[in-house]
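What follows is a single structure, written as structure tokens, with notes after it.
Chain nomenclature is as follows: A, B, C, D, E and F, assigned in order of appearance, with residue numbering initiated at 1 for each chain independently.
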Amino acid sequence: MSTEPIEVGRVASGVEGLDPVTGGGLPHRRLTLVSGTAGSGKTLLAVQFLAAGILDHDEPGVFVTFEERPSEIARNFRSLGWDVERWERDGAWTFVDASPDLEPETVVSGDYDLSSLVLRVRHAVQRSGAARVAIDSTGALVDQFGNAQVARRALFQIGTELQRLGVTAVMTAERPDDYGAVTRFGFEEFVADNVVILRNALADEKRRRTVEVLKLRGGAHLKGEHLFTIRPGRGMIVVPQEVLSFGYASSHQR
Amino acid sequence: MSTEPIEVGRVASGVEGLDPVTGGGLPHRRLTLVSGTAGSGKTLLAVQFLAAGILDHDEPGVFVTFEERPSEIARNFRSLGWDVERWERDGAWTFVDASPDLEPETVVSGDYDLSSLVLRVRHAVQRSGAARVAIDSTGALVDQFGNAQVARRALFQIGTELQRLGVTAVMTAERPDDYGAVTRFGFEEFVADNVVILRNALADEKRRRTVEVLKLRGGAHLKGEHLFTIRPGRGMIVVPQEVLSFGYASSHQR
Amino acid sequence: MSTEPIEVGRVASGVEGLDPVTGGGLPHRRLTLVSGTAGSGKTLLAVQFLAAGILDHDEPGVFVTFEERPSEIARNFRSLGWDVERWERDGAWTFVDASPDLEPETVVSGDYDLSSLVLRVRHAVQRSGAARVAIDSTGALVDQFGNAQVARRALFQIGTELQRLGVTAVMTAERPDDYGAVTRFGFEEFVADNVVILRNALADEKRRRTVEVLKLRGGAHLKGEHLFTIRPGRGMIVVPQEVLSFGYASSHQR
Amino acid sequence: MSTEPIEVGRVASGVEGLDPVTGGGLPHRRLTLVSGTAGSGKTLLAVQFLAAGILDHDEPGVFVTFEERPSEIARNFRSLGWDVERWERDGAWTFVDASPDLEPETVVSGDYDLSSLVLRVRHAVQRSGAARVAIDSTGALVDQFGNAQVARRALFQIGTELQRLGVTAVMTAERPDDYGAVTRFGFEEFVADNVVILRNALADEKRRRTVEVLKLRGGAHLKGEHLFTIRPGRGMIVVPQEVLSFGYASSHQR
Amino acid sequence: MSTEPIEVGRVASGVEGLDPVTGGGLPHRRLTLVSGTAGSGKTLLAVQFLAAGILDHDEPGVFVTFEERPSEIARNFRSLGWDVERWERDGAWTFVDASPDLEPETVVSGDYDLSSLVLRVRHAVQRSGAARVAIDSTGALVDQFGNAQVARRALFQIGTELQRLGVTAVMTAERPDDYGAVTRFGFEEFVADNVVILRNALADEKRRRTVEVLKLRGGAHLKGEHLFTIRPGRGMIVVPQEVLSFGYASSHQR
Amino acid sequence: MSTEPIEVGRVASGVEGLDPVTGGGLPHRRLTLVSGTAGSGKTLLAVQFLAAGILDHDEPGVFVTFEERPSEIARNFRSLGWDVERWERDGAWTFVDASPDLEPETVVSGDYDLSSLVLRVRHAVQRSGAARVAIDSTGALVDQFGNAQVARRALFQIGTELQRLGVTAVMTAERPDDYGAVTRFGFEEFVADNVVILRNALADEKRRRTVEVLKLRGGAHLKGEHLFTIRPGRGMIVVPQEVLSFGYASSHQR
């Protein structure tokens, strides 16, 4: 006998202007894929999402990183106003460093030990009581697997584990171009519950940053691209386009 | 000696406005492929098709899911007015959870046991007396197989089994782009009897949802793209274009 | 010492308006490839070609089907006015069901037994005295083979066998898009004597059906695309474009 | 000590209007590749080239065919005014039937016996005293080989053999599209001494036939595309464009 | 307890006009990927970066070269005013020649000994006290590895090693076209902390050189393409576009 | 202690109008890659380069050919005024015939004996005292290797050997289209010191020949495409575009 609310619950993203675009926040206890080209702002969105949990809701977070060192991530986002290292010391922020083993002799080994990663994430979440998890990025993860079949299953397995843990999660994905196929491998966007696309597209020698909710299972959201900027002390700031033009209520079309 | 009707029988899809587009409903006891990009509304159409069977025709349905958990599907569509869990308890709705086994040690196994899936679907249909079946999605299924030859044969085998069971079925398929190749693997659209395409195409930074009947073996249907929207409490609602412009009768050209 | 006619003989296709486009009918005792996207009308043309043989020339026909069940084909085309099942009972129409073996344990077997297919077709033609053969489709056939080399040879072998049997044949081929490469594998159009292309192309959200004779070895034909429609009781009806604009005689340019 | 003429010698192609385009005929004792899509006129040019040798110069010819039966080729071109079968009986025309062995048990064999083909061509040329050879087509030949490395070497080997035999040769090649890559495999155009492209391109629903000399080692030729038509009794007829517009002399730019 | 500065530190690139574009210089102790087509100026930027260290900051540099001989690099850039050989003699510049072993018998060996390269770089940095390292290019390096999985891990491993050594590094990457995918293999841009793109694009038969900062983790930078030229005695000179049009301060948008 | 000149030395190319485009000639003792489609003039440029050495500088040359027979090359270029056979007899011109072994039994062997080629080139250079070497073409060479890794190393090895021999060299490379990727395999342009592109592009049914210096390590050159023609007795003649429009001095921008 179900006592859950009618709609999929939402979690404040912490990104100014993004919640109206997603229709109220990121889906609660769901996995949202954030896909974008290099430098499009994926890690920024992931960090800001955890920071909002800590600052605004007192919710600890776990950040799984594959190729950026924890200390580097901490430093990269300090200028935006977030003191990740302090949160780490306070137990509000936990890094899981999933970077590949660097001993030369293991470089050529083709098997990736997914269960060990799953165990580490589970442990970090349970120990810290985390409500939010960020995984950055699937590109580095998928490249560990030899074929799409196994990688798809691994991605699905991680998603299932996160759901069991009851956390709300974002996972970043790589794509080579700002338009065209949504992800590099072409299946990640189907496995995830929700997909947010970040773009940093070149037009007339200039770059333009936009965010778009491509899909959001079980809920309404704004459609199309919305401009955003990155500001010191505030991070990503989205300007929902339809809100500006037509007012909030009528823009909740799907 | 055949006593069947002249034309292929049709089944009400349950989607407002879609039946005129398909020329009277989805073909009875046939398999209709629903192909679309991530978030284009494939699962919604599949769920709505089963819901219509239950609500309007008292026909039980079976929903085979590969990567979305039954409980999540149930919740995702509750806000649209469908109480899947109640139907499940009443025996009107049966989930077949075909998600891959998540024990890490089985992740790398390349063989997919198709016969076990076929048996489970058969059993669910026979036990519940289902008249409608939805399979979501072939993308997750096909990715289990190592090559197109085996996957095509597997898809054909499932289609044959559904036909033997006498059910009307929809099966979803993934495509990377809203235009171009109809399906990700390029053979699914030839194996299925009917193909419906859902699009959520980006034009001038906005998204536009359309549905199109690409083919329908043995019957007439409207041609081209038709706009649709998703409304709380009603789900997918199609606006047949030709009906609006030229009246219903003359639009039944093929 | 040859006593054959000057030009390659022609056979009435049974499709209204198509014979002027082909320059007098399909080449007698030759293999014509009919290539098109899903739903473009390939099976319709193949069925109509056999139906014309039976109805207009009292010539029995053999229909080789790979993925559509004979009973389904019969039903699909009844609404167009053709009673395939009656013809079957009368011995005028013979189905060769070449669909893959569905026992799960054989699904992974990669070898395709071409000689068995050849023997079955030969037997059906000889027993029924068929003058026309339709093979639907090469896509399902070619996917059985592991590489282009073997598949090309198999296609050539079937063509040779049909020629030995003295029948006029059509064979359907799959293509992913209405423009671009003529066939999915890129060699079928070179192996066949004649190539007819069916298109169902999307332009401005509408679909438009056309037929084109791409090549016809040893004979003249109209060039370019010609519109066609599908009408109940009449099937495919072609409107030769050049005939309309410039009169018949002058359009016989090659 | 060389006593050969200054320029590469030329041989009349037999195609009205083509010799001015090639700068005086096909290069003597060289191999000219004729590349084109299906139905572009490759076999026609090859046949017409041999026919001209027989009719105008009393030079016997050898025609190597891979997938069209000799009897079919003979019939296909009779309506154009050439009696290949009579020439065959007179010893002026020799067919080498290089079609693949059709015994089912050999279909899967991947090795192609090139030396046997070379021996048969050599024998046919020497026995008939042929001065012209046509090989139709490399596509069917190259598909026999498993990889580009071996196929390229085989093509080179055939070219060398033809040169040793002292014949002037044309060899046809397949390409999927009328524009883009010159040949299907991408190396044939580099191996051959000369390349002629036949096009049958679709523009505004019409087809337009053109011929172009892409390269001609060691000699001058007209550049760009030239329209041609096919007329009963005359075969291919080319209209050199630059000749029409600017006069013959000034068009011999390279 | 962290005592590091708020923002990621910056290092003067030595390229006139580039530091405003990068937002103050290349990130200190980080790896910057410089991607470009052949001849776009990658090696020039790498050399100029080391030269600036030596000339302006008295910082020794290490240059790892894969396919250009040290002596050739030295000579190539002498005309631009840099005397690499003198710096080498003075111990300010150290070459690590990582060109593949040329003994024929080792040519076919597929294993690349990454640890040996890492050791040589480490040794050169420690012995010379280098603060700047240039690696030219990853294309030659990645081509040594059989698959993306291993290559990505190797690239990551090198990045980690450079970070441990505390040097600021640039690494060049190859791309086939000036627009489209950022790197030839499609993962390098995600592994590196910062990405600079050099273009030498063809437009109306002319070439135009531009530089763009695609991403810079943890810091602000100008966006879009900026023209640059190469001048004897000065090397690469960038003209920051936004500075010209809107003034410096307001252009620091991200 | 280096006593070499400031800039990379230059060698007269022998092609009228090309030296201003290259900024003074081809780089001395360096390898210049000449990439182009079939018939774009690659072999012509290579031959003219050796001819200029012999005629204008009394420098012997070595021509390595992979698929064109020495005698054919000699004849092809006689009409342009060069008597290669006489030079051969005089010891000024040496052919290295690197065409594949034609014995049928060796056709399938996948290993290419690079060291034997290197030895033959070395021997030819040392015996004749050659200062210029032409290698025609890398396409035929690279096709001998099974993968890019080995082929890239082989190309590098040849370049190194030529450098050790102290010769100035041109090497031709194949590309399928006149625009897009610079070479067929995508790495040759990065291995070579200098890249010259020859185009024979189709526009409005006409062909237009141009030459472009894509890169020239260590030196200045004109940028963009320059028209050229081929004239009897003179060979390739380039019209430097910028010289015509802006005068020589100011066009030496890079």
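The working rule: a contact is a pair of C-beta atoms (placed from the backbone, for glycine too) under 8 Å apart; a residue touches a chain by one contact, two chains touch by 3 or more.
Fair warning: this is a prediction, and the values are worked out from it, not measured in the lab.
Think of each touching pair as a link: the shortest run of links from subunit A to subunit E has 1 of them.
For subunit D, the chain with the farthest CA centroid is A. Residues touching across the subunit A-subunit B interface largely differ between the two copies, under half of the numbers being common to both. In terms of the distance between Cα centroids, subunit C is separated most widely from E.
Subunit C and subunit D have Cα centroids separated by 30 Å. Taking each chain's centre as the average of its CA atoms, subunit B and subunit E sit 51 Å apart. Of all residues in subunit E, none touches 2 or more other chains. In the cyclic arrangement of chains, the order starting from subunit A and heading towards subunit E is A, E, F, D, C, B. Against subunit B, the residues of subunit C that register as touching in their complex are 37-39, 43, 67-69, 72, 74-79, 85, 99-100, 102, 104-105, 107-108, 110, 137, 139-140, 143-146, 174, 176-177, 184, 200, 202, 205-207, 209, 229-232. Against subunit F, in their complex, subunit D makes its touches with residues 2, 4, 6-8, 111, 114-115, 118, 148-150, 152-154, 156-157, 160, 163, 179-182, 186-187, 189-191, 193, 195, 210, 214-220, 223-225, 241, 253-254.
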